[in-house]
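Two complexes follow with subunit A in common, the first pairing it with subunit B and the second with subunit C.
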Partner chain A sequence: MRLFLWWLRRAVSAVATLAGVSILVFLALRAMPGGFAETILGPFASAEQQRELAERYGLDDSAFVQYWRWLQAAIGGDFGTSMISREPVASELGARLPVTGQLAVMAVLTALFIGVPLGVLTALRARPDGGGALGRLVSGLGVSLPEFVLGSIVVFVFSRYALGLSVGGYVPFADDPAGNLTAMILPAAVLSVFAISATARTTRDAVLNVLVEPYVTAAVARGESPAFIIRHHILRNAATPVVVLLSTITAYLLGGAIIVEYLFNLPGIGSYVVQAVGRRDYAVVQAGVLLAATVFIALNVIADLVVGLIDPRLGVTAEGRSM
Partner chain B sequence: MTPLMEADDLAVDYQAPGRRVRALDGVDLTVARGETVGIVGESGSGKSTLGSAIGRLLSQNAQLSHGALTIDGESLFDLSAVQMRRVRREKLGFVFQDPIGSLDPTKRVGAQLRLALRGRGASLDVTGQLERVRLADPRRIARAYPHQLSGGMAQRVAIAMAMATEPELLVADEPTAALDSQVRDDVSTMIFALAAEAGTSILWLSHDLAAVGRRCGRVAVMYGGRVVEDGPASEVLARPAHPYTHALANSAPASAAPGERLQPVPGRPPVLTGPSPGCAFADRCGFAIERCRSERPRPVRIKAQSVLCHRAEELAGSAALAVHGVGSAVATTPPVPLGGDRS
Partner chain C sequence: MSGARPGDVSGDGTSGGGAPATYPSTSEERRGVRMRIAHLTGWLRRLDWLSRCGLFCLLVLVLAALGSMVNLGGDPAEIAGGRLQPPGPDHWLGTDNLGRSLLPRLLEGIGVTLLLSSIAVLVTAVLSTALGIVAGYLGGMVNNLVMRVVELLYAFPSIVLAILVAAVVGPGRPAAMAAIVLVTIPLMTRLVRTASTSVAQRDYVTSAVVSGVRLPRILIRHVLPNVAGTIAVQGTYALSVGILVEGGLSFLGFGVQPPQASLGVLIQEGGVYMVAAPWLIITPGVVLILAILSINVVGDGLRDRLEPRETRSLR
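Entry: the complex of A and B
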């Protein structure tokens, strides 16, 4: 029953969020100066031409009518057609999703496998007199270094000198796995710098918090070895904030790593949606933003479920003091 | 025969940014096999630091300044990390103040008990171990998570973990301070019974003067990081030989006759930044003379007690240190904790 109510609450709030996001995006697009007709026909088109174009796409109706039309179709699974490419939006986004997905997965896995051990290690080596300044400097730099700076440097270095990894030249994994990886490693690495730093930092703080818990002292007092204590008592108890962070980073990256996609010329979702904003390709923007919001909500639910599995006090089905 | 535990002029400092705090200022204490010793003192007297030092569980900012601590003849601060772990596993047991916090919140009780017992010759029968600490319905408790237990239940689980290996010395740092008063007595009784059965010595750190007096064979009173009085429990509490013990006994609610005002110990405990030049209690002591502030007292023997006081012999001859109210209150009144705070 508790579980059912939890799912119900999550579902209602998800629907409300998606509806809100779709309305907000819809209004924001309509509020932008310069509509589809002006943008496409250019500054010298006559009013007559603009009206004709607007009429053809139904853009002369009121915003409410337009939204209603979009909503009805969207609920039926039809997200419309790109007014630029004349392709269905769903298939356009579908073709770009694997690129963005692969990028996000590569960056997040790197963060998981490098950031978490790094965080645990720096926490265990931390000294109360504020040592570990170098580690803090490096992770601070990683978190604050903008992607366009790091990305530009990487693009420059790897295009100027032949270092074995290619800048641009994306090919689908299915066509050429090796070529795909050589093209994807650099952008994924650029994205992972932030992810690794943030993960290492969060892990370090979480482990430091767990280290002072009485149950860790109790385990030390029982004569357990550091490796045993880390494996059995520290990792799981420190995992909650790391899981939440990783899910947020994943969701953020799945929404499209716009700058990196541009820099490395990757056909991902981020650059596509931004391009669509510029061209007032309404249906594409609408569906793209909604996709990002859905991913966010879904990852949040997953993070909540995982956190519940990790810590019984925080779980979906957490029982209170039952004895 | 070497004593089981011996602290010899043990001094420990905590290094905080910009200042040093001396927590232990030359502790001398021995615990013989099978003995039950209560350590009594206010917050900040150094008793928790002493308890942690015995397991080498001091926080990273603590430093051994001088002195030595031996368990069974082995000098703890000279051992490697691996040797220290062996001493902890084979000889020491700890029970801490926060019972629920001492258990891993993400593991079921049975699972963590099994984890704590494996590979050390203890019985892995979780239900049996929980029955030994008199937990009703052990099967259900084995399946529960720590946050689903009461403080008393959790402390029994922690005791089961500590006592399953039959350690030679059990260090109990205010193990009942966080419990309800009814449960408190049961848990104390059980710890002493299990220890007696296993031949385990107990070092019982407490505010609770009366309870210590009833249960422990010996009492050591700590003040300013030193043991200022040490002797048989009944003697120390009924006929204190140190002015501080006297003040402590008079401030305990149990020692007052009905209608009598409790006399709090005037002033506050000192925070030492280095070795105390004289007696740390001098500033709060009604009997202090010039010498008390400038010269560190050395232990003198007053009857069965060992006392750190320049004027102990003088005062022992007078009635100055008589305990108010019922003289033998210690043995007859219910335990009441000294002071509300516990640190």
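Entry: the complex of A and C
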């Protein structure tokens, strides 16, 4: 019962955040400079034409009415029509989702399978004086490499010296799996550098915190082998922050690995939204940003679920995390 | 995160009867300030070599930024020589596609990036500290309200939020600053709030409340000094995020606008001529990485000092 109530509260707060996000996005887009009518009709349209357009799209209605109309449509999966391509935004986003999704999955899986073991290893080898400056330097370097610097350099090296992996030239996985992978490895690798280092750092911190727990001392005293202690006592108890971090990274990547998609010319959601901002394509920006935030909130809830499964002391962790 | 923090500065207020013992005399206050300075130089000395290297790098960057203000290395806008010249005795870092020398442009870029991010992070620090302390100390409704708003901002991926801000405000320096503030506020507020909540339950706060100390004074004299460590650490990290956001935004063309230089602008411009003139992107790229790395390293060092924890090994 208590668990159920907690989940109810969690769901309500997620929906409330989502509503807040939608209002924020709606207001932000209304505050954008350059009128809607002017964007569509160009600067030389007559007042008559502008009035007609405003009437057709209901631009004269109050902000509240417009918001309500937009929200109703959005819940039904209708995000309006792109003003540039005249295509429905939802279908365009849907077509671009696989690219962004594949990128995110590749980067996050890499982070999971390399970052977590790396973090555990460095934690176990950490010296009591908090030393290991070299390790800190390496992991610090990983989180300090901005995507646009690393990406630019990778694009340069691989396009100049033809090292076998193509830069750009995206093809859907279904059409040509090998070609798809050669195009996706580099952008995914660029994204995974940050993901791996961040995961390794968080894992390291979490494991270091668990290592001083009395039950680890007890396990050592019982003569359990280090491998057993790691698997059964440490990993499980250190998992919470790592799961939360991985869900955050996934959400951010799904919301648009904007810079990397832009650099590698991938037809994903991020590059779509950047283009749309430049062209003042309101409907697209609105939908893209809302999608990013929705994914973030949804993944947050999922992370809570996973944490609850790993660590049954849900109430305790929930209080600790509910900010 | 940490149990007893060594930096509990306001341990006063436990003694004394009816008289407001929480008010130290002026000489005591002065001694407190002197002790704090000694404290500061103390842990400067105890930082490990890595953090000291980071601090040194930062110092060099700040000096470079100051140098750009007196046009050290020349006028950044001047067409100084041939186009896309490689680094040489005339132009130490080479020239760009318009024949401008890269060295003064780089100095200007460092200055613009650092100044912009520092101002933005200062704003963040003030706002998050105020919000976090009040929310953490008062709890209840205020806490809920603040945390809801913060959570709202937190739900946007940072670069998406930054682009949205730039779209509303219009590309330029104000957009970059506003973006940095909005991106860095959520995390810092959350952490200051968490620290304040635990401080609010300490005995010296309770005794201050019992002795009738007013709320603003409690927040400023008792809570603030004890969350100062968190603020310092998070402020450092926020600065590196700020530089990252400025860079990304300017790189996409929504931040600082050319001809003014910032590290992001230089990297974007360099990217265009990467094949013909790789030095145009490598130099600002390395400087940017160095700046972010040294700030992060200093932040790590601060955190290890201010929030120490036990370590042990399995064997």
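Quick notes on this one:
Basically, the second predicted complex is superposed on the first by the 278 of 323 C-alpha atoms of A that agree within 3 Å, B and C clash if a C-alpha of one lies under 4 Å from a C-alpha of the other, contacts with A are read in each partner's own complex, and residues count from 1 in each chain.
Methods note: contacts are C-beta pairs under 8 Å (C-beta built on N, C-alpha and C of every residue); 3 or more make two chains touch, one makes a residue touch a chain.
Everything quoted here is computed from the prediction, not taken from an experiment.
In the superposition on chain A, contact is made by A:220 with both subunit B and subunit C.
Of the two partner chains placed by the overlay, only subunit B lies in contact with A:237; subunit C stays clear of it.
Residue contacts after overlaying the shared chain place A:310 against subunit B, while subunit C stays out of touching range.
In the superposition on chain A, contact of A:77 is made with neither subunit B nor subunit C. When subunit B and subunit C are set side by side, the one touching more residues of subunit A is C. Looking at subunit A, you'll find residues 127-128, 130, 220, 323 touch subunit B in one structure and subunit C in the other.
Within the complex formed with subunit A, the subunit C residues making contact are 48-50, 147-148, 150-152, 155-160, 163-164, 166-168, 170, 190, 193-194, 240, 244, 247-248, 251-254, 264, 267-268, 270-271, 274-275, 278, 281-282, 285, 288-289, 292-293, 296-297, 300, 304, 308-315. Residues of subunit B touching subunit A in their complex: 15, 17, 55, 57, 59-61, 85-90, 92-94, 96, 98, 101-107, 115-116, 140-141, 144-145, 147-150, 153, 158, 161-162. Across the complex, subunit C is touched by residues 16-17, 20-21, 24-25, 28-29, 31-33, 124-128, 130-131, 133, 136-137, 140-141, 143-149, 152-153, 155-156, 159-160, 208-209, 211-212, 216, 220, 226, 229-230, 251-252, 255-256, 258-259, 262, 273-274, 277-278, 280, 285, 288-289, 292-293, 296-297, 323 of subunit A. Those residues of subunit A that touch subunit B in the complex are listed here as 127-130, 213-215, 217-225, 232-233, 236-237, 310-313, 319-323.
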